[in-house]
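Some structures to go through are shown next.
Below, subunit A partners subunit B and then partners subunit C, in two separate complexes.
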Partner chain A sequence: MMRRALPLLIGALALLYPLLVSGSAVYQRLGALVLLSAIGASAWNLIGGYAGQVSVGHAVFFGAGAYAALAGYAQFGMPPIAGAPIGVGVAILVAALIGVPTLRLSGHYFSMATIAVAELVRVLVTNWEWLGGAQGISGPAIPRTVLDLSFTSAVPYYYIFLAVLVSILFMTWRIEKSRMGFYLRAIKDSERAARSLGVAAGRYKLYAYMLSAGLTAVAGALYAIMFGFVDPESGCGILISVKMLIMAALGGAGLLFGPLVGALILVPLEEISNSLLGGKGAGLTFVVYGAIIVVIARFLPSGLLALFTGLRSPRKPSATEPSHAA
Partner chain B sequence: MFLQRGVVAVLGAALLALGTAQNGVAQQSVRIGAIYPLSGNAASAGSSSKAAIELAVDLVNHGNPDLKDVPLADGKGLPGLGGAKIEVIFADNQGTPAAGQNQALRLITEEKVVALIGAYQSGITVTTSAMAERHGIPFMAPESVAANLTERGFKWFFRATPVAGDFARAYSEFLKEQQAAGQKTASIAVVNENTEYGNSVASVIKEQFAKDGLNISQVIPYSANTTDVQPQVLQLKEKNPDVVIFISYTSDAILYAKTMKDLNWKPAIMIADDAGFNDPSFVATSAGLVEGLVNRSSFAVGKPGSVSAVINDLYKKKTGNDLDDPSARAMQGMLILADAINRAGSTEPAKIQAALKATDLKASQVITGYNGVKFDDKGQNVLASSLITQMQGGKYVPVWPKDKAAGELKLPYKGW
Partner chain C sequence: MLLKASQLTMAFGAFKAVDDASVAVNEGEVLGLIGPNGAGKSTFFNCLTGDLHPTSGTVHFEGRDVTRLTPEQRARLGIARTFQVPLTFESMSVLDNVMIGAFLRHHAAAAARDKALEVIGEVGLGGAAEASAKSLGTPGRKRLEIARALASEPKVLLLDEAMAGLTPAEIRAAIDLVRQIHRRGITLVIVEHIMEVIVSLADRVVVFHQGREIARGTPSEVTRNELVIEAYLGKRHAAKLSGGTT
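== the complex of A and B ==
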């Protein structure tokens, strides 16, 4: 009975959250921010968590979504949301282009290659006048129609993000249960063993990478719509990639709800510590933020969710440990 | 397992609740929110601005007898509001547009600030001012210069700082005056670093000079990361222009000063566009190589006893450093806000907005080198202007316009 009641309760809580904190615009917005981060981290989780290919370059795809949304507005006057599918398309294409050569690399080398590509793209965008160059591009600050999705309240964003996150998690859950899910986990445990059993590892890694890229672009587009601005650092900066990774890893990489749990902890921690300590101007925020990450990483290396799901012995991602399966 | 997931949710909720602890008691004072980079790679600039804003608030709240001309600096708080004091709530934008916007919402809805000031980086000013606009809260941008900020049709956005067009006009007027005084200005070279800053300033200067009939004969873009500027200086030496305008960051500025001496070439008038040439480390390493260099700044320390000198002394006492250009502009922004709130006689945002629109400060009432403060329909200060300074005996002295000069302009350029 508990198994049935609790998901319902959590679902109801998620649906009612904006009403529960209706007195505080800041907490309503915090809810939306948690969901937005969870979308990005869940998208990363497909390739980084399930398939164990630790990408540190997902900012490229995030940037593709964010820039497509705002460039469509700045150059053609389209509502930002109309640019989102273009961003998703571009991200998938770019993923295919860089995935084919880089996914052949294993472990650290794959991570390093993704960093290199992301930095390259950031520099390219910085010098790309059409995309606003170093100055970045803005969205419609004053909404023309409701299609611009520019709201004062965070509540509409909250429900949009919630819908998107639920769709992504549902999709991930279906993949997890499917043949592809088993293949990805097999690749993560030992790519060589998986190959020897007839898994088309290269092809499935590429599928997961492309899917992950497309969904990351969705996160980027939603970010750009909410904040109404993107520049090379906030769209393609390495911090974007790292945050996705940390959130997924902290919650539990390769677990369905891992990224969401990571976002539930890290985003409020970041926002609240900045609100409480940021104004003092001593950079205390990051000291506290960093210390908590260190503590979790030390005592729960396979993520917080492992604590609750009984995965005591961490299943180490293949990227951090060379495969011994030969 | 679902039970345990619930625990996580509760944990999250507990974290959220943490934040409510900060909701202070209602204050008598007028609360203004200030969003600056207090961490991240612009943190040192943000901290300087914070100190300058605190000094401005201190002047209004406690006064200073040496600053009679500066509005509200008599220490009576805001007489228009029964002597209310100003309280500034600082927030850290962490150098990201997202954090800036999140903090803007918090300051407006939780801290109940009546106006916002910030946010140093132009990109962050974009997102924070959008939040202020949606909530109908006046936003003062004292230092962000991106041209598009005032082109968004905002009604609550006010910018006190001069922008690239103002610098270009100042250079143009300055050069024409020198022309009239008999200096040679027949050929002008522009040497600019080739990213956003250098390219945009160079193109605005080209436009303005073309309009004013000044002849730019040579444009040399270069990469600021370079370790050798001999090719650029040799190009200059070959064409030998009368005037050179440098738009550079710090390390390249130092290289130019050194290389021009090595290659023994100098123009009759050498102008630098703020940035690298005003960096304390440039002054420390290269002042002896650029005697007579003409520069611009919105703030320069005038004669002893002048408003700028008194303020610089106060700032130095507080922080140990001289007041720099962007921080002086931040301080000016806060004083403009205080003046408007005082005249509004109310903390109602709409009344403050109206008072800001009616702002009319004279040159003698501002601490920076502006000709005064008056906002146009887009919120841009139309009286914003730059001072022209000159390197004389190891430090920059304001030399133009004449009424704000603390020293005599000495031409031609002497160099080393």
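== the complex of A and C ==
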């Protein structure tokens, strides 16, 4: 009974949430932000969670989406949404270029290489006048048509994000049940053993990385469309990469709903601390995220959701190896 | 000739772990590779599977040069292996582990699951299909590795010390399993420390010592070979032994 009723209840709640909090624009906006973060973290989950290749450089792809959306407007007057596919394409291409050399590295070395590349890209963007340099670029101040997707209420964003998140989760679920999903998990557990069984590990990691990059660019474009502004820090900063990682790891990396659970916890936390501390809290965010990483690595290497899946279905045991958490 | 290594040398810096070894594996046979610790068996074995690329020499499989092929390419051609220290997929169930092997020839999940369940039954892990791989002990893990390799439907199966760490009773069970695999027409290459296993399983044996082949023949021939006795026991003990028998 519970197993059937629970998903229905959660689905109904997700659909009706903006109406339930219709009195409060703050809560509506919070809902949209949770979904947006969940999109990014779910995209990261494909390569970082399922395949166990912990990227700390996904801000590159997020930035590709965000900048493509707004640069298209700033330079050519295109509606931001029209720039999104370009951003996705750029992200996939960049992922292929970065992935071929870096995915040969294992464990922490891969993570460090992705940080290095992401920081390099951030500096590059900061000095790139066409992309607005350090000032960043803005979207349309006043919506010209509905295609600009510029709304004063957060409710339309909420439903757009919900639709995108559901699509990504459905796709991830299909992959999880397919040969590719099995292969990615095998690579995470033991790349050498996987290869001995015919798994072209390099190729599968690259596919997962490119797919993850493309979906991360979608998150970036949606962010830019909602906020109408991107600069090097909000588009390509290391905090973007770290947030995706932490959300997925907190909820459960390599689990379908892990990133969503992580976002449900962390985004409200972040909003509360922002409103309490105002502008003074900027540096504190890093401290809080650092503390969360320590707690996850020490006590929850498989994330919160694993605590429940471990009890419910013995077929998918809660993995307790710390390798992929931090 | 199913699998053939010609003049294989694997050097790590100035040290030659394998030095000019040539070994051919005939279709349908059980070939044993033996030798004392550090003889180069495992290095040679890893050159056959593609985990290592030899410094010089070639590896042919079914007449085709596979020297530069990756492990996954060789697996696709029909070379499967197990590992000395089992490398099971620890976060997965036994069934999922074996499905990874089965996916090589069966791309749909349902077909791979059927194949995996069939193999799991054959190797005697039927009761543990849903159990976590982590819950298995050493004999179970070794069996799981064999099942996983078999599910990839190989032509030749290379077992790297599949009996190490097993009790005598477990060894007898494992020998039965290997015999049963051989009866299905799969060629076997076994690296083994335990003489009893080699004597009861291998048709032919190649003996390695310090990277070189020092003897080959049937198990009874090589166990009587003086060079082999010397390599295992050292010169003085070997002399004592031969002095005692004459």
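Criterion: the second predicted complex is superposed on the first by the 287 of 326 C-alpha atoms of A that agree within 3 Å, B and C clash if a C-alpha of one lies under 4 Å from a C-alpha of the other, contacts with A are read in each partner's own complex, and residues count from 1 in each chain.
Here, contacts are C-beta pairs under 8 Å (C-beta built on N, C-alpha and C of every residue); 3 or more make two chains touch, one makes a residue touch a chain.
Only a predicted model underlies this, so the values are computations on that prediction, with no experimental measurement involved.
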Partner chain(s) touched by A:Ala163 [first = subunit B, second = subunit C, both, neither]: neither
Of subunit C and subunit B, partner touching more subunit A residues: B
Partner chain(s) touched by A:Leu15 [first = subunit B, second = subunit C, both, neither]: neither
Touching partner for A:Ile142 - first (subunit B), second (subunit C), both, neither: first
Touched partner set for A:Val100, first subunit B, second subunit C, both or neither: neither
Which of subunit B and subunit C A:Leu33 touches, first, second, both or neither: first
Contacts of A:Ser275 with subunit B and subunit C, given as first, second, both or neither: first
First (subunit B), second (subunit C), both or neither touched by A:Ser234: first
Those residues of subunit A which subunit B touches in one complex and subunit C touches in the other: none
Subunit A contact footprint on subunit B (complex, rising order): 1-9, 11-12, 15-16, 18-22, 38-39, 43, 46-47, 50, 89-92, 94, 96-99, 101-103, 105-106, 109-110, 122-123, 126-127, 130, 133-135, 146, 148, 152-154, 195-197
Subunit C - residues contacting subunit A, complex: 49, 51, 70-72, 75-76, 80-81, 83, 87-93, 95-96, 99-101, 103-104, 107-109, 112, 130-132, 134, 148-149, 152
Subunit A residues touching subunit B - in the complex, by the definition given at the top: 2-3, 6-7, 9-10, 13, 21, 24-27, 29-30, 33-34, 126-127, 133-136, 138, 141-142, 152, 223, 227-231, 233-234, 257, 261, 264-265, 268-269, 271-272, 274-276, 278-283, 285-286, 304-305, 307-310
Sites on subunit A touched by subunit C in the complex: 177-179, 182-183, 185-186, 188-190, 192-201, 314-317, 319, 321
